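Each in structure tokens, the structures are laid out below.
Look for subunit A in each of the two complexes below; its partner is subunit B in the first and subunit C in the second.
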Partner chain A sequence: MQTNHSIVRPFWVIVNKEISDIIKSWRFIIMLAIVLLTCTGSLYTAFTGFATAKPTNDPEESFFFLKLFTISDGTLPSFIVFISFLGPLLGISMGFDAINSEQNKGTLSRVLSQPIYRDYVLNAKFLASLIVLSILFFSLNLLVLGFGLVIIGIPPTAEEVFRILMFSIVSIVYVAFWLNLSILFSVGFRQATTSALAGISIWLFFSIFYNMIVNVIAKGISPRQMISEYQLVSLQKLIQNIMRLNPGQLFDDATTTLLVPGVRSLGPLTMEQMSGAIPSPLPLGQSMMLVWPQITALFAGTLVFFGLAYMLFMRREIRSR
Partner chain B sequence: MNKLLLIKSFIVTTFLVLFSFNQSKAQTDSLVLYTPYTKVSVSPGNSVSYSIDVINKGSKIRNEDISASNIPRSWDHSITAGGYNIDKLATLPGEKKTLTLKVDVPYQVKKGNYTFYAKAGSVSLPLTINVSSAGSSVTEFTCDQKNMEGTSSSSFTFNTTLKNKTATNQQYALMADAPRGWSVVIKPNYKQATSTEVEANGTKSISYEVKPSPSVKAGTYKIPVKAVSGSTSADLEFEVVITGTYEMNLSTPSGLLSAHITAGSEKKIELTVKNSGTTDLENVELKASKPKDWSVTFEPAKISKIAPGQTETVYATITAAKKAIPGDYVVQMDAKTPEVNSSASFRLSVRTPITVGLVGIVIVVLVLLGIVFLFKKYGRR
Partner chain C sequence: MAEPIIQLQNISKKYGDFTAVDDLCLTIEKGEIFGLLGPNGSGKSTTILMMLGLTEPSAGEVKVCGIDSTSHPIEVKRKVGYLAEDVGFYDDQTPLENLVYSAMLNGIPKKEAIKKAEELIERVGLTGVKNKKTGKFSKGMRQRLGLADVLIKDPEVIILDEPTSGIDPKGVQDFLNLIIELRDEHGISILFSSHDLQHVQQVCDRIGIFLEGRLMAVGDIRSLSAKLLTGGRYLIELGADNSREAGKKLTLGWFQNLASNMNEIDSVSEENGLFKVLSSQDISLVLSKKIMEEGYNLNFLNKKEFGIEAIYNHLMEGGTAYAN
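Let's turn to the complex of A and B:
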């Protein structure tokens, strides 16, 4: 019992310290302010959109509450667009100097001179960021839920709550993906600025330039003359698969499917697949099945980057300055 | 001589007188009125027809005024012969003529004997009508259309007239004896009722709405109906001819028309074909209109015969296309005969096979194992 305590306790001491460091840091406060501002803005547009939205007979009408996350009146992007855009930035900002700044300040060797295992440092830094992120996203989504209840006055159904919960978890995994990537950079690059710029440039590449490049490729490989339906479908599938190398695309696919139950397929459909199909919302399980590859990829990617960072860090020779 | 003359003249006078007397008497007696029923008993509201023979027993043609006297003022009467109303009748010697005296006894009449006279000139024939106090015990119950034809789902309305010919108001109980499972709604005055009152000498329209049992077989059915009061009753018989109907109902034993199906796999669904008509259904074919690349087979694909009211079970095996996207698809199944068809739309919720999910889980588990390996290798240095 005694030994068990002595093993667990120093780890949680580091985690607690890291959490308080993150919360007190200006960087986090600024990011939090940006996220809160944009989300408030998008929520506001969603609410004004609700007032003018005409009730229709479409089957998604029963999932009224989920529209809070997805609709917009055009002035500001919707809630999920903001999350997919700012989430990576949040993750990068929390992880880019995790190891290298400690090393540069000389505090890392001091910490490691304590009787603790070496991986405690990396694990604790990751876990602390993850805890803060989880709290942030859960409370953000609960706030949306709460405001929605107050303003719309319609309680969400159990399915809607579960969908929002799944959305929160996927968001956390997505941000954790970028967090791990930036931790990897912080281990790899000595300079905090280098690692920050590397993270941001990857983020910029995927969120802005990647789509352009894929479009250029698509234009290049698409034939000039008429093509059959099957060729068109396979071409579309190819382009879509290239697009899915972008983690942001994976996240968009996953969240749209989770928050819009009417989405039945993400790829192009042939007429024969559509024949006899009637518009209907999918149950949560089937929506999950639909985006299971995306969720798996995000989750596995997160773990792979963590594993790489871990390996690099453990093999690193750490000297005092 | 003078005395003899006197006697002689007296005798002549007497003879003359006697002769003339005799002659006038013979003239009177030579015409006879005859009818067999000189006293009849009737109830109020009836009419009595007397056939009266006028017999000329004399040697001359007798042309006499014909009349009836002493008939109460409220009673109607008429004297006819040979299709005419007559006032005078001539009879050849030794022959007879028949005339008809019709006397209508009104409803409003007191009990008792009424005597009146049929007269031909000076000859009269006393006739007596005894009005019984019970009045007429006759109720007239008529229907202008007693036979109707239709299917088991149609309803038949018979319009009848009930006439109370008695002298008092009558409360009639209205009854109908329909076959089992049929319903008869009796509506005097357009309201459903079981009894109705008809005034003396009044009429009432009563409609009978007959609905056959839904499972009735084709054929002819008789429905006796009755109107019964304390002292009188009348009955009538309606005839309903049911023609056969063709009706069919395709469903499932539970009535549930939705199912889950995994893409690429097959699902067996139990269907019921019910003959809800009244005649046999023969050669019922089962077909399905389905999304492309789906297949639906029926076991059996054809039912040779279904008796009315009977249900046959058919198993449909549905195979979803491999590329079917998750969500709802519609498969419409039809049961067809040349006469009738019935269809059921099935809503099939397609689910994706779990294998894809398993691959994802395997990948995640592999990555986790890799990390555990890293922890083991480097963790506790």
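Let's turn to the complex of A and C:
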């Protein structure tokens, strides 16, 4: 008689296979190499900056570990800039051919004729990518922490560790957002190239052109004469809100606030609001409160794309090739 | 009588205005090889997808092994092996890895899966390429691996969608022999769809002919030809030189006279100067002798045996449909 525990549930069989496929695939290895190289570069510049700057008692100057992620000496962008730039590409590269390549190879109809539910395939692919991403980001960030510990020689505070963990989670959600967008394209477009190009063009649009377009709009709607302080603030808020339609902007807002505890507000503050404020870094809870909308929005976007992909996939008739 | 293994009741499938399958009824018994014959785009694949619950019928009920495919596709897929047309494998994996993956999706533990996969690879004759990646496989090899992939779950029914298209004749022969073996040794019921008459004729116990989403005819070859065409199995066409110089003139009356004497002849008719004799046996030799003996000048004789091809062509050309 067979024992029950030796049977792996079909869902996890698919997840296992997908994870091994991702890890063995050239594109993941290439993306990983790019991420590692750029991050090493930015860390190196951060460390060289550290050698000259000795810690002081100024509260703004504490949180060395967080600075590893955010400072740069101008030669290379900082760690978070790289993550916000390369993260989407990583997500797109993992998802753009999730469904359509299986369909084109004729393996999708073979797998679906096995006794599994159809959504297993989509869910397992998403989960497998998410697991790989989580391992990647947590280990990357913990490595940075470890190097920092070795080089600086001061252990990180609990708050710093928590902030870095939160940063990892936000990064994963951000990359998952792009992953789901590209999975959606892989369900929608028959050709893997079309879906890859669609994903990359959206990424390019948001990372390069979107800011330009918003600037043009801002120029257009800003009044020429002097206006009141309140009008100026509301104009600034409007522009900022348009900017926040860009997922990259949401990610930047969220990570900056998490990694720079000195950030007190993501919008304009009036002098009245500032008066009486103690110039000290925010505790983690407060920083989280500040960026909660950003995190929620990213998370919601992720879910929306996944939901759309799911709906399309479940309704699709699966024929061979 | 045992419960039929596949039962389709008045199923229809519509894509917008287009009706792919139109009010189809079909029953397949346990242990038979059933051939689904029809041209491309006649609704064969759609019907098969509905049997597996991979697409939902617009109307009607599909039961496989007594289970409703539309509402319980998982249970059905546990018992049915489906080999799609032009099946695909993960190119960067070996045949063994591909089979083990399928087996594990069926809940077979890994050790057992490996053992089974190795047996099946040997059975379908792919031992020599066991460690090659399937990306390098030819179509025939993929099709054979596909059969192994189907068998790894020990199915009660196998559904093969165009399994022989694009394989060389030798490969087809091996494949068909394998199918017959499976039926004989394991009592597996097999549904075989194809547009190739020869292959279907060779292995199938019963045949259903599909045209524009309708089942035009069902039955074994003999009964099909009997029902559809003539009632007879042979059509003999005769022509005689009836010019004045040749002497005696051959008439329909002569044949009618002959028919009343010979039981084998079912009917006679005249068409475009040719006499057509339908008979249950091959009487062409007897006929020609008789004609010569009586001093007529026979100048044309053509014998047609009604195989599946004639039936198929008859239907393709819009002949009278006979649905059971």
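Please note the rule applied: the second predicted complex is superposed on the first by the 308 of 321 C-alpha atoms of A that agree within 3 Å, B and C clash if a C-alpha of one lies under 4 Å from a C-alpha of the other, contacts with A are read in each partner's own complex, and residues count from 1 in each chain.
Methods note: a contact is a pair of C-beta atoms (placed from the backbone, for glycine too) under 8 Å apart; a residue touches a chain by one contact, two chains touch by 3 or more.
What you see is a predicted model, and the numbers here were worked out from it, not measured in a lab.
Visitor: After aligning the two structures on subunit A, examine subunit B and subunit C and state clash or fit.
Guide: They fit side by side.
Visitor: Rounding to a multiple of 10°, what is the angle at subunit A's Cα centre between the Cα centres of subunit B and subunit C in the superposition?
Guide: 160
Visitor: If you stack the two complexes on chain A, which partner ends up touching A:17: first (subunit B), second (subunit C), both, or neither?
Guide: Once the two structures are laid over each other on A, A:17 reaches subunit C alone.
Visitor: With both complexes superposed on chain A, which partner does A:191 reach: first (subunit B), second (subunit C), both or neither?
Guide: neither
Visitor: Return first, second, both or neither, reflecting whether A:241 touches subunit B, subunit C, both chains, or no partner chain.
Guide: In the superposition, A:241 touches no partner, neither subunit B nor subunit C.
Visitor: Does subunit B (first) or subunit C (second) touch A:289, or do both, or does neither?
Guide: First partner only.
Visitor: Would you sort A:306 into first (subunit B), second (subunit C), both or neither based on which partner it touches?
Guide: Touch status of A:306: first partner only.
Visitor: Looking at the overlay, does A:275 come into contact with subunit B only (first), subunit C only (second), both, or neither?
Guide: first
Visitor: Quick check for you: in the superposed arrangement, does A:105 touch first (subunit B), second (subunit C), both or neither?
Guide: In the superposed model, A:105 contacts subunit C only, not subunit B.
Visitor: Just checking: does A:113 make contact with subunit B only, subunit C only, both, or neither of them? Give me first, second, both or neither.
Guide: second
Visitor: Who wins on subunit A residues touched, subunit B or subunit C?
Guide: Greater contact footprint in residues on subunit A: B.
Visitor: Once you lay one complex on the other using chain A, what is the shortest C-alpha distance from subunit B to subunit C, in Å?
Guide: Between subunit B and subunit C, the minimum C-alpha distance equals 6 Å.
Visitor: Across the two complexes, find the residues of subunit A that touch subunit B and also touch subunit C.
Guide: Of subunit A, residues 117 contact subunit B in one complex and subunit C in the other.
Visitor: Mind pulling up the subunit B residues that touch subunit A in the complex?
Guide: Counting only subunit B, the residues touching subunit A are 290-294, 321, 323-331, 347, 349, 351-352, 354, 356-357, 360-361, 363-364, 367-368, 370-371, 374-375, 377-381.
Visitor: Which stretch or stretches of subunit C touch subunit A in the complex?
Guide: Subunit C residues touching subunit A: 45, 49, 52, 54-55, 74-75, 77-78, 80-82, 84-92, 101-102, 104-112, 146, 149, 153, 161.
Visitor: Report the residues of subunit A in contact with subunit C in the complex, numbered from low to high.
Guide: 2, 6-10, 13-14, 17, 24, 105-107, 109-117, 317-321
Visitor: Please name which positions on subunit A make contact with subunit B in the complex.
Guide: 117-119, 264-265, 269-273, 275-278, 280, 282-283, 285-286, 289-290, 292-293, 295-296, 299-300, 303-304, 306-307, 310-311, 314-315
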